[in-house]
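Following this line, the structures themselves.
What follows is a pair of complexes built around subunit A, which joins subunit B in one and subunit C in the other.
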Partner chain A sequence: MMKRTSPRQELKKTWSSMFETGRGARIYPYLMVLPAVLVVVGVVVYPLVYGILSAFYDVTLRTLGSGKMNFVGLRNFERVFADPVFLQASWNTLVWVVLNVVAQLGLGLALALLLHRAIPGIGFFRSGILVPWVVPSVVAVLTWRWMYDPSVGIANELLLRLGIIDDYHPWLGDTATSLYAVTIESIWKGTPFVMLLLLAALQLVPRSILEAASMDGASGWRKLWHVILPQIRVSFAIAAVLTFILTVNNFNAIWLMTEGGPLNSSEILFTLAYKYGFKRFDLGMASAVATMLFVGLVIATTIYLKLIQAREGD
Partner chain B sequence: MTVHKFLRKSAVSAAIAIGLGLSPAMADNIVFWVNSPLASGPDAPIYAEIKAFEKETGHTVEVQPVAHMEMERNLFVALSGGAGPDVMALDIAWVAGLADAGLIADLSEKSKPFAAEYQAGPLASGRFDQRQYAMPLYTNNVALFVNDRMLKEAGIDKAPANWDEFHKAAVAMTNKDKDTYGLTFGGSRMGAFQLYSFIWENGGDIIDETGKVRVGEPGAVDAVDFLAKLYTENHAMPESVLTAGSWDEVNAPFIQERAGMLISGDWALSALEKGNPKLEFSVHPLPTGKQAATVIGGYNLAINANSSVQDASWQLARWLTGPRSVELMHKYNRLSATVAATTPEAIAALPEKQRPFMQQADAGKARPVVAAWSQIHNEIIANVWDSVLRGKPAKDAMAEAATAIQGLLGQ
Partner chain C sequence: MQIASIHERPTKRVAMPRIRSGLSLPKPLGKFLTYATLWVAFVWSVFPFYWMIATSIRGKDEIFQRPPNLVPHAITFQNYIDLLVGAQFWRFALNSLILTISVTIISVLISVTAGYAMARHRFKGSVMLPLFMLYGQMFPPVLLLIPFYVQLRYLGWLDSLYGLIPVYLSYMLPLCVWLMRGFFSQVPFSLEDAARMDGCTRWQAFWKVILPMARPGIVAVATWVMIHTWNEFLYASTFILSEKKRTLPLGLSGLIGQYTTDWGVLMAGGVITAAPILIVFFFLQRHLVSGVGGGAVKG
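This part shows the complex of A and B:
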């Protein structure tokens, strides 16, 4: 006796068979990824393209209001280059990035080596060192701001008691120290992340290689340079690129501590783009700076992806 | 059915249909963005006022509180995208930029019959290019806050009433060994805001009513020099003047009784009382220079140029800024911008520490209403103050500022 199928089952069967052979089978995978593609296009690609295009249009509060935006070619880039603050912000960005990347990698490696030991209670220390990374950035920045207060800040009191300074100093209010004061906060916040990456890499270094180096009479430094660092080089490079990207994008620290001041002494390209966009309401100039930052970050991300591939190759 | 009956039934049906159809169109929904301190909780007085408005007009109002620091940016994003609220509370400094961009509605014709009800200064703050774009919701100005104990201990028996007395009091209350100072002041744009009153008091100006840039003239230069020297030469301001970028930071030395004087508005009252309930302080009109002046602050109500409910929005703006605002703002310890709030009876009804603000309201002066004001204030004047505090001669800094402002204004 033939088993009867319900209309619903029939429909399901027909629907399924449409994608089993021929053209249906070919478009099936595309249909499956279509929703995700639409989301990515809407949320990432469209704003990105619009942002880059804005760098070539006269986009201000007035033109946005009237809906008449004119193509201005490279005029926004010219205006940005003509602004003396841009040069200062570019230099500050370089100093900011180099100091952050070097210090975070150096300290992160040192901490990772320190915590890569089988001693009692090491889990407590490993967790404790992650606290700065876990604290919300706004909370961390505002806490540091008060620590640097020129009148009642604990940083001044501590340095005074240690005999390093003779009098309280406005660390965030002095054009000579403001950028470095913010950099210290940023290093404090970012180092645990680097430490975590490198600690994970260290745990993958075969113990037998280290033992063989010890038996060959290698000192601690020689083991570090000739054995450990080559073994973790890909993770180290990934940490460097990630730190670079996170530092360039670290808007909170500078904005909440100094807003780029005093006298633009701690202005970086990201805060300058924000000021152009949301203080002057000149989105054309803001997009020009953002486009330049974007190109730099694309290069860094390309290197990062190459390194990931290299590690997978290892 | 006879023709007569048919017509009668049709007429009744049509009347009902028209009635039903018109009601929703007349009862509009208004989206209202208000600065968050006015809508801090469900018990905030503005909600009762909105309820009364809804009952009276049949409209409904959706109140959306927005933090002051977020408001300008959020409005910019929303309005330039063709969206945003129907009615919005604006810091008076933002009116010109939004009006110049055509994002807020011209209220000149609607407001004309009521203009006499408002104080001249606050009403002018809503005007751009000879047109009225916003109605004053509340007004404020800056006055002198004095720590009575510190002043007495410095051997001075009355609050300074002119610049000479102000200078003497600031120096007298300064004691490096005790870590006390005469005056707490803001840095950068906070300081710039506090400077304006002194520039005007000294007969100077930033941009005058004809559009002439005047920051490089002696009246303005000498006022900046006078204040900066209190820090650079007399050391009568704490180091926080270099970094104080918020009112909390400006207020802190006064709250801690490390600074004897503070230049601020009525918004400082609750912060000071909350920060140090034992603080003994009094409020006085700003010490007078060549003339009396004080910078006007406050919020205005404006209407989205793209709002589909223009009339209902105007009704709401008028309801909140009109005669009822005296009582409403009294509940917030703020000052109504109506003329009714300046009568001797109304001033006498204010708490003692609020009276000086209203007493000097006649000397109130609005900041220049030019589209590029935000940039002039946040970048140019703020940098002047920062530079002068760090030793640059006021004359040079102000001359550079004048050139920069002229460039911005296309002069």
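This part shows the complex of A and C:
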């Protein structure tokens, strides 16, 4: 007896058999990646090209309105370099990146080594230490802003009780401390992710290597330096590049605590570009700063990819 | 005797191989130092979170009292009531929810198909495309911000939730595809071939054999997108202008006043905004951790 099929099933069969052999089989992987490629070209590649180009045009609200933007060559860059705030923001960015990357990697590695042990209660500590990573960034930043409150903030009270300060201090309102105060929040927020990456890497180190090192009588530090670190060096480098990228792109912490102030003391290039673009509405100048940041990040990304490939080749 | 055995403390301890990876000190001292350091790290990590909750359940006069008490004296839920009675907060939450669901569904659909094809098939560009995706993730948002602004303005999509969807895809999709390819490349494709030999079509083999095995990866990617969309602030604060279209993070930052801020209500809002993320995280902890560790590092 013939099995009866509905037209719908028939259609389904034809549709799926189209890709079974011949030309259909060859094009179907392309069909599957097509949506992703289209979206990425539309929302990443095209805006990117546009963004870089607009660094060389006079893009302001006025020219956007009339639709007539003129090519101005390097004029936007010249105007950026002539702004004294740019120099300060560059210096602040350097301080901000170095402090964040060094502290997050150092603390992240220490925590990963500490948590990579089978001792009672380790799950409890691990979950707790991941909390900063899980709390939404805006919520975390606003909480820290509240803790730094100059008149009733808990940070002041705790430091006072520990005898570190003599009186309450406006951490975010003082040009000497604002950048560092924000940096501490950023380190607090970013370290658990570094810890996770390094912990994952540590778990891949074969136990036999560690045991062999212990048997040869290697002491703690030497074991760390000669056995463990070489084993996780690629992950460590990847964590370093990722931390670098995330720090350069960390807008929320600075914007929601100080908006780059007071007196640009916590201004980084990102927030400066943002102000050029969306406070002054000089999008050309904003694009010039953003393009410079982009070049720095591309260099970092290239290193990142090289490292991944080196690792896949291992 | 039956009862006694029930109440006996479970003595079964799985013997775990001990690996000490740090300093080797005399045992009791080493143990003490380890736990002391762990406690310091724990308190440092959890304290701000504790402080947010502790602030959210205090009365107004206690919040602005100097010196502040570490532990609230009188617990009140007035801040939560103040927050939830207004229609605004619900509006923000609804906006966040709509946006999160749309972006998650779109990114998962697109990245599953692309990731699968890249992992499974050799075709022109099957090596370059994933790298291209990874590069796509690295672009500084500030560089894309300006073209997005110009484009959204041109399309008349400024100040709209649907205008944010393509913007968010730009910042999620490349990494989703990259991670998904990583997950799919761990699936043993010999099983798919076996299913095809048994007469399955491509689609059936994919749907019934491959997809169930890739489920942990899909869950990890979907969760990653959900969390990031829910938390996103920069794009939303730049492109959303009117109050009723704000998302939760935007609404929270809007509670910061020029001269005074009601920190009790703000912290209550923080707890409510963080709650779904924390719940998702603690249910999926293992998936996410292996997803981030395995996917991002191994590719």
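Some notes on this structure:
By definition in this document, the second predicted complex is superposed on the first by the 279 of 314 C-alpha atoms of A that agree within 3 Å, B and C clash if a C-alpha of one lies under 4 Å from a C-alpha of the other, contacts with A are read in each partner's own complex, and residues count from 1 in each chain.
One rule holds in what follows: contacts are C-beta pairs under 8 Å (C-beta built on N, C-alpha and C of every residue); 3 or more make two chains touch, one makes a residue touch a chain.
Keep in mind that this is a model prediction, so the values were computed, not measured.
When both complexes are superposed on subunit A, subunit B and subunit C clash. In the superposition on chain A, A:P262 contacts subunit B only, with no contact to subunit C. In the overlay built on the shared chain, the residue A:S151 is in contact with subunit B and with subunit C.
After overlaying the two complexes on the shared chain, residue contacts for A:R280 are found with subunit B alone; subunit C is out of touch. In the superposition on chain A, A:P35 makes contact with subunit C only, while subunit B stays out of contact range.
When the two complexes are overlaid on their common chain A, residue A:R62 makes contact with subunit B while staying clear of subunit C. Ranking subunit B and subunit C by residues of subunit A touched puts C first. After overlaying the two complexes on the shared chain, residue contacts for A:D174 are found with subunit B alone; subunit C is out of touch.
Comparing which residues of subunit A touch subunit B with which touch subunit C, the overlap comprises 64, 149, 151-152, 278. By the touch criterion stated above, subunit A contacts subunit B in their complex at residues 60-62, 64-66, 149-152, 168-170, 172-175, 258-259, 261-264, 275, 278-281.
Those residues of subunit C that touch subunit A in the complex are listed here as 16-25, 34, 37-38, 41-42, 44-46, 48-49, 51-52, 55, 63-68, 70, 109-111, 113-114, 116-118, 120-121, 123, 126, 129, 131-136, 138-151, 153, 166-167, 169-170, 173-174, 177, 201-204, 227, 230-231, 233-234, 238, 249, 252-253, 256, 263, 266-267, 270, 273-274, 277-278, 281-282, 285, 289-290, 292-294, 296-297, 299.
Residues of subunit A touching subunit C in their complex: 16-17, 19-20, 26, 28-30, 32-33, 35-37, 39-40, 42-48, 50-52, 54, 59, 64, 111, 113-119, 125, 127-132, 134-140, 142-147, 149, 151-154, 157, 160, 188, 192-193, 196-197, 199-202, 207, 210-211, 214, 219-221, 223-224, 228, 235, 238, 242, 245, 248-249, 251-252, 255-256, 270, 273-274, 277-278, 283, 286-287, 289-291, 293-294, 297-298, 300-301, 304-305, 308, 312.
The touching residues of subunit B, when paired with subunit A in their complex, are 72-73, 76, 79-81, 97-98, 100-103, 179, 187-188, 238-240, 242-243, 245, 252-253, 256, 258, 305, 371, 374-375, 378-379, 382-383, 386-387, 390.
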